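Inspection log for the structure reproduced underneath, given as structure tokens.
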Amino acid sequence: MTDRWTPPAALEDFAHLDHDRAARRGYPEAVYCEGKTPDQVRAIAAAVAERAAPTLFTRAAPELARAVLAELPDARHDTDARLLAWPPLPPEPSGGLVVVLAAGTSDLPVAREAQLTALHLGRATELVVDVGVAGLHRVLARLDLLRRARVLVVAAGMDGALPSVVAGLVSAPVVAVPTSVGYGAAFGGVAPLLSMLNACSPGVAVVNIDNGYGAGHLAAQIAAPQA
Amino acid sequence: MTDRWTPPAALEDFAHLDHDRAARRGYPEAVYCEGKTPDQVRAIAAAVAERAAPTLFTRAAPELARAVLAELPDARHDTDARLLAWPPLPPEPSGGLVVVLAAGTSDLPVAREAQLTALHLGRATELVVDVGVAGLHRVLARLDLLRRARVLVVAAGMDGALPSVVAGLVSAPVVAVPTSVGYGAAFGGVAPLLSMLNACSPGVAVVNIDNGYGAGHLAAQIAAPQA
Amino acid sequence: MTDRWTPPAALEDFAHLDHDRAARRGYPEAVYCEGKTPDQVRAIAAAVAERAAPTLFTRAAPELARAVLAELPDARHDTDARLLAWPPLPPEPSGGLVVVLAAGTSDLPVAREAQLTALHLGRATELVVDVGVAGLHRVLARLDLLRRARVLVVAAGMDGALPSVVAGLVSAPVVAVPTSVGYGAAFGGVAPLLSMLNACSPGVAVVNIDNGYGAGHLAAQIAAPQA
Amino acid sequence: MTDRWTPPAALEDFAHLDHDRAARRGYPEAVYCEGKTPDQVRAIAAAVAERAAPTLFTRAAPELARAVLAELPDARHDTDARLLAWPPLPPEPSGGLVVVLAAGTSDLPVAREAQLTALHLGRATELVVDVGVAGLHRVLARLDLLRRARVLVVAAGMDGALPSVVAGLVSAPVVAVPTSVGYGAAFGGVAPLLSMLNACSPGVAVVNIDNGYGAGHLAAQIAAPQA
Amino acid sequence: MTDRWTPPAALEDFAHLDHDRAARRGYPEAVYCEGKTPDQVRAIAAAVAERAAPTLFTRAAPELARAVLAELPDARHDTDARLLAWPPLPPEPSGGLVVVLAAGTSDLPVAREAQLTALHLGRATELVVDVGVAGLHRVLARLDLLRRARVLVVAAGMDGALPSVVAGLVSAPVVAVPTSVGYGAAFGGVAPLLSMLNACSPGVAVVNIDNGYGAGHLAAQIAAPQA
Amino acid sequence: MTDRWTPPAALEDFAHLDHDRAARRGYPEAVYCEGKTPDQVRAIAAAVAERAAPTLFTRAAPELARAVLAELPDARHDTDARLLAWPPLPPEPSGGLVVVLAAGTSDLPVAREAQLTALHLGRATELVVDVGVAGLHRVLARLDLLRRARVLVVAAGMDGALPSVVAGLVSAPVVAVPTSVGYGAAFGGVAPLLSMLNACSPGVAVVNIDNGYGAGHLAAQIAAPQA
Amino acid sequence: MTDRWTPPAALEDFAHLDHDRAARRGYPEAVYCEGKTPDQVRAIAAAVAERAAPTLFTRAAPELARAVLAELPDARHDTDARLLAWPPLPPEPSGGLVVVLAAGTSDLPVAREAQLTALHLGRATELVVDVGVAGLHRVLARLDLLRRARVLVVAAGMDGALPSVVAGLVSAPVVAVPTSVGYGAAFGGVAPLLSMLNACSPGVAVVNIDNGYGAGHLAAQIAAPQA
Amino acid sequence: MTDRWTPPAALEDFAHLDHDRAARRGYPEAVYCEGKTPDQVRAIAAAVAERAAPTLFTRAAPELARAVLAELPDARHDTDARLLAWPPLPPEPSGGLVVVLAAGTSDLPVAREAQLTALHLGRATELVVDVGVAGLHRVLARLDLLRRARVLVVAAGMDGALPSVVAGLVSAPVVAVPTSVGYGAAFGGVAPLLSMLNACSPGVAVVNIDNGYGAGHLAAQIAAPQA
């Protein structure tokens, strides 16, 4: 690109798809859609279609999802998780089981994003919903499932107390995802984020607020089959 | 739910109504509507109708309120408090009196949510409005009523000074609800929240910003009849 | 005091003991010692001795405690809670039971300050220690005691998750005291403070960080005998 | 000063006394001592002695106060306010009355710094102590004095509620000084600072936390005699 | 208001107009419109019309302004300042001159709100615009005017540096209003707020972010004629 | 402007174009459009047209851009950067090369604003996109270009790690622009801002979040030809 | 414990050693020493000696370390990591390799605490020091070792950029520990904490600031041998 | 380093001196002393002595300075700046002039650290002290010197207003260093940091709070002679 600047016209002017990294790490590439224009997202989807490379499109608002589907019409689209996966079928599961918990109904979109990500990275997954600490019997009733997991993902907003409780019940690591569920002094997820960073049980791995993709990816790596 | 994930289709996939807790605690169940879809809210309302279990729906924006009323057409709907109560009539009052104060007109929605919650949990209530500390004579004029309360709820934004003043005038505990009323350095309710946590009078119990439901619930527990 | 300013020499120049308030509310007066000089504290203690008025001295560092004991040698002094009570024997208990929980050993000083305050305000109290959520069986083992309480005080630092769990197990109100126990992203008690304000169980009343005195006072008011 | 740098040896290398400003504004110069070395403070005091210019030394810890007194042995030294004034006698008062209130005993050092500053800038002053909002009768008992003031200074920590209450009772402006008195969620004075910025009564002028000097100076300007 | 709660129907259910305070302080009453409904604002305006009491309506978005004008059609309406004044003509000026400065064009709405408030509280005013510190010659060119003021109001966003500079040039007090002008690390006015609280010149009185009304009111009090 | 205030009607009532500064510094004037009305922006553009003075209009939302183009129809308009430049052609480049890097696609608008600013201030520029630290080979592949720069501008959101890495690879200074790209604990650009301020490589100059104009201006000054 | 409160005299009054949890999870118990008195720590150490249960004592300041060694004289004591381990020899390693990186020398204590924890939980470990991103060649030189790890722990302060870079180079998960190394806008570890939560590479698990113990524990769980 | 961990005994176990980077960038290496032990610092100094490589030791508290001087007895030691330079004589100056300003006396240590760093990186420097914006005539009196600079460094605490003012007076770039001078709402340098990031004049490059070394290094790079 020279001094007398011209707007970018080709894909390589605004995005370098990192096929090497995907290949090197053995997982599908991910495209973070928020902040991109529909035209940019569509151009990326077209490149994916051409190369036939497994790809996840995350944080895809409806308009951006349509841009993906215009080029990859058979992609799997989960509207709650705002995620598209191509190819639509996940690989045959390998490695350990990933159990995903949503503390409340409102945490479900983030939990689903985590579950779908782990699924498309090749893990078997289970989802457990509405098991917040206000009713301990609900989580205790699923103890058998929790203890079968190689890794757990726990999505929770508000007081973010569930990961501490779960980590005290199992020996596997817990990936904690704070969600922006709540109001007032929840501060958009800061309250559960701080709770999780200060979990009084060891074995809690924290990711960014609402980062279901990151939680699912991390869980898939932890539960990966051993070489 | 198995590995090959399918979107939830039934109520138990996204919410566990905690009838046990309601029964155990003797209070109506509460459904926090914000962050739920109209379909989810309606499905919950249908389950409530079927079981005929007393329930409060809080933080119900108009679209979500309509979802409730579609299944529970006789529910009481207070639009200012964004609250729906079913059954519409509160139980016969028992226990002590709950007096609710709104420092300013803008604090009224939160104060009403507190009052209605306490009412439907079975307490007698009184509401006093626009008695901020900028005009002390207004609160001093109601001193007799304030001293008859078993517990007081005070909703205030901006400087959040009213709970300190009130707690210095009575011997009953004061539940302080900071509101997001104000601008600039009010920081969405942080200023009154900090004031209330640092109240120079003892006997001030603080709840989350704009949490009228929580304040009313706590007040109802404090004023509960003794076993 | 006139224009040509002279340093205060008499008690009324720096403190107005509020005997009326104490009388009006029916509880001992409290003197917050931090930030006062030993001379100021001793002058106040002398006034207390002269008037024979029940008084609590809170946040008394050793040097300030000695100033109190110089004038009130038979005062009860709890060094962990940094509290002195005069007269040393609490009144005969009345009203409901106050159960105080400390999530961890490090939360004990704050929990003791709460317990002693409630005791000297005339309530029966019980103390339960080291029952954090990392080992749920510890708190579940005390469920009978918890459910006998008219009000509970829960002191917790770090993730501050215990009040949410406890409030889900009982029908009495819970006074939650965040403590400054923890490090890093605990931010001196901010993390448990936010957790408690966002407790997913209703019925949680929050007070300031490390404010054992305030928690005990509030609990004593809630559990007060009915008129 | 040239490239090959040498440590400063003379006063003009580290401080420019701003005699012009003092003259222009008609008030004594102020030297903020914190962060200066004893040698620097003593050199400044020597210059003051030589020029015989009225000067206030603020925030002078004992060691720095001794450095001032070594050169200005007759300076007035108020240890609580950590302030030294030279010449020791204030000017004959002119303009309106400045009334200074301290909400609690612990706010007294800041209140004194404000009072002494206003006094040495030439105003008549009165000091009222321990009139916090937890006992409204205390401040109401001084209403006559408050209403005689041309301007009031209110120093308060914790909930910082006093300026709002006072401003609602008088027609004169109120200078509010938050103090770092308090603990936990007082955050070193942030809580009262926010309260004061959000005072629900108009007419409240806020200065920095613990800035008694600034409050006294501002009050002296407001109460200055009219040209 | 009784237990079986009914929505408020009359003015006294949601607002107490404080005619006493207005009379006591000698200034028009102010109605803060934000957070009120059009119906509430119109009911208040009708009461104002009936009593013929001088009143300012602040922070009136277009819909709320129309509600005022429906009852007080001759009210003065300044759309930039979002302020309505009734009666439309200010009183004859008395007391000292109030000079209002806007650092940049974007600070003008706040500056105008301050100017109009001072004007309707009875002061002579002057407005100076676009005199930020990036071009010092602009403020220095108005030095004569600045020095004629009894009090100055300075509205500034971004670095909030103008009040410090102005206070160093005059002997009158400066009321500093931080504005939410700016982006990124301006944090909605926090950056200029902190600058102003830390002004290195004494004599700076800070009010809340964007609080033009409060600044104008405070300035009017400071410049009030002496009794 | 007199006491009986009238709304401003002419340009000099709300903006002082600082032609002197532009002339003195030798760079085009810049008009920050955000927070101005279309009428104000158009009036400024008309003045620019009349005086034929090189000018940049920054942060121009579509409506404001149209106001500029109405008066300066041949202005260069970059919609991504929300910037308009007049005259449309930049001056002949002088001084050193400015290399601008965008860590990710979403950082491109800010990077373009920086590039265009430097270009219109008279520097040769190069733009490199999508070279985040998650794939180090991408930035290492451009090392030759990076080392030819007299100064580099690096725009990055999220972890803001790229400036540290780049500054460790070159001897020229690096201007770091945090962007508001990211979510959750990115806090609108705070996370990369703090990373950049704490860069472990020396030679990193930080500007405000999303401040592409400021970054480009600073870079142009650093790379200016020597006198 | 009865109403008439007596200070605790026995271990069970202030601490419940959670042997069950240790047994259940298969790892040594950990005792967090900060905030405990030497007497409390010594009583716990005596109980450990009696039961002969593998235990780690973390955050043990010298005085507290001496209390441990008084009862467990053969415990391994690492003064830099402020950690004591008993029995002194770690178990025979099993599971995958844990590689620990310290970005700078000052991060070494935290890194060592992580390494020793993983070692005593039964993993093989390697430590790599001073490989910050300011000199990329240093970390690239160790790529072979990094890629042999089953999990990596990265301790970094200041810009916290190293985990992002490392996670982009390997396919194993990375446990990121922010340290309080740095000054000013590092805010005691907040800057690297935010960087790590916003890492642009997936696969980064964040723990609390300076929480070397938690990082090592989490890493040991991730690298645990498969059932 | 093997699994059975042994404390580091040799330099390469805790620090990699980056001679390559120093050579590559053409500047002396810098050793950040804070957080290192005296033994570590002395070992590094010994390595410097052996290799005879120009080195700056920054943030060296007295005990650490002594460790440096034990191995490099002829090093230049500036106690105010807490900096040691070896060799003691700076190189012959080249490139443009660096002018360093300290707003107040208390900012002098940071300003000196910047000046000495630039000097030892090979630039001519000038230092100007006590020229805060409260007295504009002081900075205006040095305008000739300011305009001769190729780059300016401005150290300021409190309101941090000086860089904005200076940048409006010159055409060279300004490196702004916020200092932790101030109290209360200065928040340890946050207030001036935010002011500087929001400077209303373009051309301001911000570095970390109190980072005199970074400011001096950046200035030296900006003023470097052209290839």
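So that you can tell them apart, the chains are marked A, B, C, D, E, F, G and H in the order they are listed, and the count of residues begins at 1 in each.
FYI, a residue touches a chain if its C-beta (ideal position, glycine included) is under 8 Å from a C-beta of that chain, and two chains touch if they have at least 3 such contacts.
The chain list, named the UniProt way, goes like this: A, B, C, D, E, F, G, H = PurE domain-containing protein.
In this text, all values refer to a predicted model and were calculated from it rather than measured experimentally.
Chemist: If you fit chain B onto chain D using the CA atoms, what's the rotation angle, as a multiple of 5 degrees?
Modeler: Superposing the C-alpha atoms of chain B on chain D needs a rotation of 180 degrees.
Chemist: Pick same or different for copies chain B and chain C, depending on whether their interface residues overlap by over half.
Modeler: same
Chemist: If you average the CA atoms of chain F and of chain G, how far apart do the two points sit, in angstrom?
Modeler: It comes to 44 Å between the two C-alpha centres.
Chemist: Can you work out the whole-Å distance between the CA centroids of chain D and chain G?
Modeler: 48
Chemist: Give me the residue numbers in chain F that touch at least two other chains, ranges are fine.
Modeler: Touching at least two other chains: 21, 134-135, 168, 184-186, 190, 193, 197-198, 208-209.
Chemist: Just spell out which pairs of chains touch, all of them.
Modeler: All touching pairs, sorted by chain label, are A-B, A-C, A-F, A-G, B-C, B-D, B-E, C-D, C-G, D-E, D-H, E-F, E-H, F-G, F-H, G-H.
Chemist: Going by the contact rule set out above, which residues of chain H touch chain E in the complex?
Modeler: 103-104, 132-136, 140, 157-161, 164-165, 167-169, 182, 184-187, 190-192, 194-201
Chemist: Can you name the residues of chain F that touch chain A in the complex?
Modeler: Chain F residues touching chain A: 78, 80, 90, 93, 105-106, 108, 112, 115-116, 119, 124-131, 134-135, 137-138, 181, 183-186.
Chemist: Quick one: which bits of chain E touch chain D in the complex? Just the residue numbers, please.
Modeler: So the residues of chain E touching chain D come out as 21, 24-27, 30, 96, 150-151, 168, 171-173, 175, 193, 197-198, 202-209, 213-214, 217-218, 221-222, 226.
Chemist: How about chain C: which of its residues touch chain D in the complex?
Modeler: Residue list for chain C touching chain D: 1-5, 7-8, 13-16, 18, 20-21, 32, 34-36, 40, 59, 178, 180, 188-190, 193, 208-211.
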